[in-house]
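Each of the two complexes below includes chain A, the first together with chain B, the second together with chain C.
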Partner chain A sequence: MNSIIHKETQMTIALRQTRDKLYHNANAFMYLIILQLLGYFLANNVGMSGSGTEYFSYTVRIASSVPLIFFTIIWMLLQGLHLAGEKSREYYLVSNNFTAYFSDIAVLEIFAVTGGVTLLLSESFLQVMVSVLYENVTLQASFSEVGFINYVSLFVTATLYLLMFGAAAYTVGILRARFKGRFFLGIFLLIALLIFGSVLAARLLGPAFGSTIESAVNFYLHETRGMIWFLKMAVTIGALYGISYLGIRNLEVNA
Partner chain B sequence: MIQCEELTKDFGGTRALNGCSFQIEAPTLTGVIGVNGAGKTTLFKILAGFLRPSSGEARVLGEPAFQNINVAQNVVLNEGRMTFHANATLQELVHSYGRFYLNFDEKLARGLLEYFQLDEKRQYSKLSKGMASTFRLIITLAARAPITLLDEPANGMDPTVRKDLYEVILKDYIKVPRIILIASHYLGEMEQILENMLLIHGGKVMLHSALEEFQTFLVALKGSPQAIKPIEEKLQVYEGKDFGPGIRQIVVKREAFQQLQLKEEEAGVLKTTGISLEDSFIYLTQRKGGGIDELYHS
Partner chain C sequence: MAMAGFWVILNLLFLVLLILGISKIVKSRISKKISIWVMAIYFILLFFSPLMATMMQGADKINEPVRVPDSYFMSVVENADTMTLEDLVEDEHFVLLDVREIPVALNDFSKDRPLKIASRHRDHDQFDHMYRYQLMVEVTDEVENVEISQFVQRTYTDQVEISQELVPWSWTMTEGRLKPEIHQTEIVRHRLSPNPLLFHFQEKHNIIKNGSISQEMDFHFMIPEFRIIQWVRVPEDLHFLVQGVGPH
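The block that comes next holds the complex of A and B.
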């Protein structure tokens, strides 16, 4: 009997690859738990203020979910870099660049949703934890916002931010795999271009046209109009995915 | 099923393949041989769809090979640089291969793991070099892909395991005939199982023939220097050696020697002997001029 020739579709293989990657990257969830535990530890020690007289003193602890968000973002960045960095192994199983890319993106999205859900739950959990452990605690303003809409909005916000950071890290990893040594030269040139471009724009067109890291952060973090914010995120994530696809398309394996 | 037409591959300023052309249509167990850097691994990676040819064409199952999913699911490549998921156990990797290669024979894989005393619960990254080679060969053979590419499959294995593995390759090929290409430097051991040979030299196919044809491609002629000299002048000599003052041996192409149609008395003083596969390979691919003798006696 001769060996049988198979012809499955790209999508079937990409979905199978997604499951396989999730199975072999199950450790990622353990790292998320470890990093979030670290986040919890720091979250209820964000700050402390106290005062008193010789008869009376008090201490107020400040609890914030910022360390949790910070560590979850770090986790997402690491996962993005890891998926892009371990590019050759899937090709020894059945793969091409499209299925490898598709399954990476699917895994990143699952990671982002997991991060979003845990962050959503962490706020309530942190609230309970600090209430049990300490007497006087000041909670971050967002803790007081309760209700279904707030929870949905918190989940969507957290998930999209995580997705953006994951996509950015993945794009960096793919570009590094594509351009190898020239990648770092490219980064250096890009930073130089951004700095000089910004200085030049500010000189020629006025200070409003100069961009700083702060203005870039504000562009994403301090947008209060819901739809505009959503558009900014969707376009940024789409652009990052587009760049990473262009990077992986026609990429040779173990060249 | 495999068709290479004027295949060329450049890596920066280095040309790994230089107009490589050959065709394989039916199931075969073919040895791909060549000196280090001849282009064997590059050829395998092009056939597996990993690398894009710089020029020429590589078609597998009638389609261009590069990044083609129809090719990927029907070709399995085994090579030393294969990487697997970190911390994955042999059992997990067997399952992964089983999910992706639809012809995968899990029973065979488990049987071979047991025979070669590889613990399924052990992590691949913890295996010794020889054990890792054995495991890689087991899963690539069990994949039963219509095109199986084995690049130096016996690296790091001890002779006993190598002997067993050649037997496994042969038995598996007989049970499920398919295209199996093996690149290896253990020619003496490999020739017992091969049907065909593909000799790559300088990035080109130098010879693609049946094993018997390859084994008889060259012939050694031994005789007095006076009897050898006229032949040496007429034919391309691959190797010439003096055995004392009265005996000289040369290695020439058998076909060219037969075409000379020597008279009975001329041929009678010459002793003709066959050349082993390994020696044929050495004579065909050795560097011309600037030999080791010259290096030491200059």
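The block that comes next holds the complex of A and C.
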């Protein structure tokens, strides 16, 4: 047995491990579907507006796929944490930290693409769903401007955002496994540092430099220049991958 | 304020418990084979949905809105003398909502005590600004009772016709006075708003400007104004008086 395995390159083992992990985590897809169904349920009626008088009332109920994005992100976060959990590395007899890391990342990427595809198609699925459920469904005027490029943008942004959240959760999970008790102390210190740093920055450099969650969200979401956005995402995801790899490299080998 | 915060926290807690609960159940109770099958079915559904969506949209487009010219209603009202009921029925800009007959005993009314037809539905009525309403009275030998045909000009919001949904007014006869009663019309529409990520790279649509994704709800819509014609046909021998406008 051992002799056969030693003939294999690390890459082959990693790929095999990826396939194995995918099968092991097949329930994640079921979980995604359930969470997305929950999302569709909420998406049917995200807002309402109406007006009227004594004799006439007119109400518009808005359906939008925004809740779906949130639920898919939650799914991705949980998958990232789960993959980083020590249990996910215990099943494999032949494994080193490289193959474990590679297969985790590959599975995360497959999950992100899956989530991206479902979000891309959810747009028309929601439309079908709303049309079946209700009479008199209209599309918002901006739908007429949606072209092929917009769908590409939806798929790419959704996939990369999902990957970013997945990678972030994975990194947190790995750091927790790496530092155990000290991890929470580190988190606490990090939050304190962030708050202190942003207060200090706001004091010294002016309010524009104060960092809030909102400004962090805007850093990505508000970026309309495609290439710069892509660069930001690539750097962020790369940094998260790097941190998680450094974390996993120092873990004990589970084999 | 504190109450609202409490509810938000309670809802979040519920959501977290729900999500974790689902995760536990899925992991322990559902086999991997079933998961893969369900995923396949879900994907097939998703892949067919664009086709279904286009088909549904195509079906909706059959009803092209009839463009009603500006101030069409006024021109109809002004030319009322030369019009007949049939003209109005055949007019594609109007919808016949309701025809009702109100029995009258001709003997009950005389020159001194005519049938009063109220052109307003209340005596001191500040009329609803959403209605414009015209009463037309035709004296004819074709009817034995008072017959009221109710028309509404075609009205659209969001390209969808709503005039058909107007609840017709009912006319009641009390103490020799015929008067309309307006019922509330409630219209509920559903509107699908596009995924904000579709416009991620478009300055104009960048919804996320205020740091919140769900900003772009775009609630603007025109509150429609209904233009209603009540065509009243009265038998020749009936003495009547239209109130509010003067006798015809």
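One rule holds for everything that comes next: the second predicted complex is superposed on the first by the 218 of 255 C-alpha atoms of A that agree within 3 Å, B and C clash if a C-alpha of one lies under 4 Å from a C-alpha of the other, contacts with A are read in each partner's own complex, and residues count from 1 in each chain.
The rule we apply is simple: a residue touches a chain if its C-beta (ideal position, glycine included) is under 8 Å from a C-beta of that chain, and two chains touch if they have at least 3 such contacts.
Computed from a prediction, not measured in an experiment: that's the story for all the values here.
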First, second, both or neither for A:Arg16, with chain B first and chain C second: first
First (chain B), second (chain C), both or neither touched by A:Leu35: second
First (chain B), second (chain C), both or neither touched by A:Asn27: both
Chain B versus chain C as contact partner of A:Glu8, first or second or both or neither: first
Which superposed partner A:Ala63 touches (first chain B, second chain C, both, neither): second
Contacts of A:Val128 with chain B and chain C, given as first, second, both or neither: second
First (chain B), second (chain C), both or neither touched by A:Asn97: first
Contacts of A:Asn250 with chain B and chain C, given as first, second, both or neither: first
Chain B or chain C, by number of chain A residues touched: C
Intersection of the chain A residues that touch chain B with those that touch chain C: 23-24, 27
Touch list for chain B against partner chain A, complex: 11, 27, 45, 48-52, 61, 67-70, 72-74, 77, 81-85, 87-88, 92, 96-97, 99-103, 144-146, 175-178
Chain B contact footprint on chain A (complex, rising order): 1-10, 13, 16, 19-20, 23-25, 27, 86, 88-89, 91-99, 250, 252-255
Footprint of chain A on chain C - complex, ascending: 18-19, 22-23, 26-27, 30, 32-36, 38-39, 42-43, 45-47, 49-50, 52-53, 56-57, 128-131, 157-160, 162, 182-203, 205-206, 208-209, 211, 213-214, 217-219, 221, 223-224, 226
Contact set on chain A toward chain C in their complex: 23-24, 26-35, 38, 46-47, 49, 51-66, 69, 74, 78, 117-119, 121-128, 130-131, 134, 136-143, 145-146, 150-151, 153-154, 157-158, 214-215, 217-218, 221-222, 224-226, 229
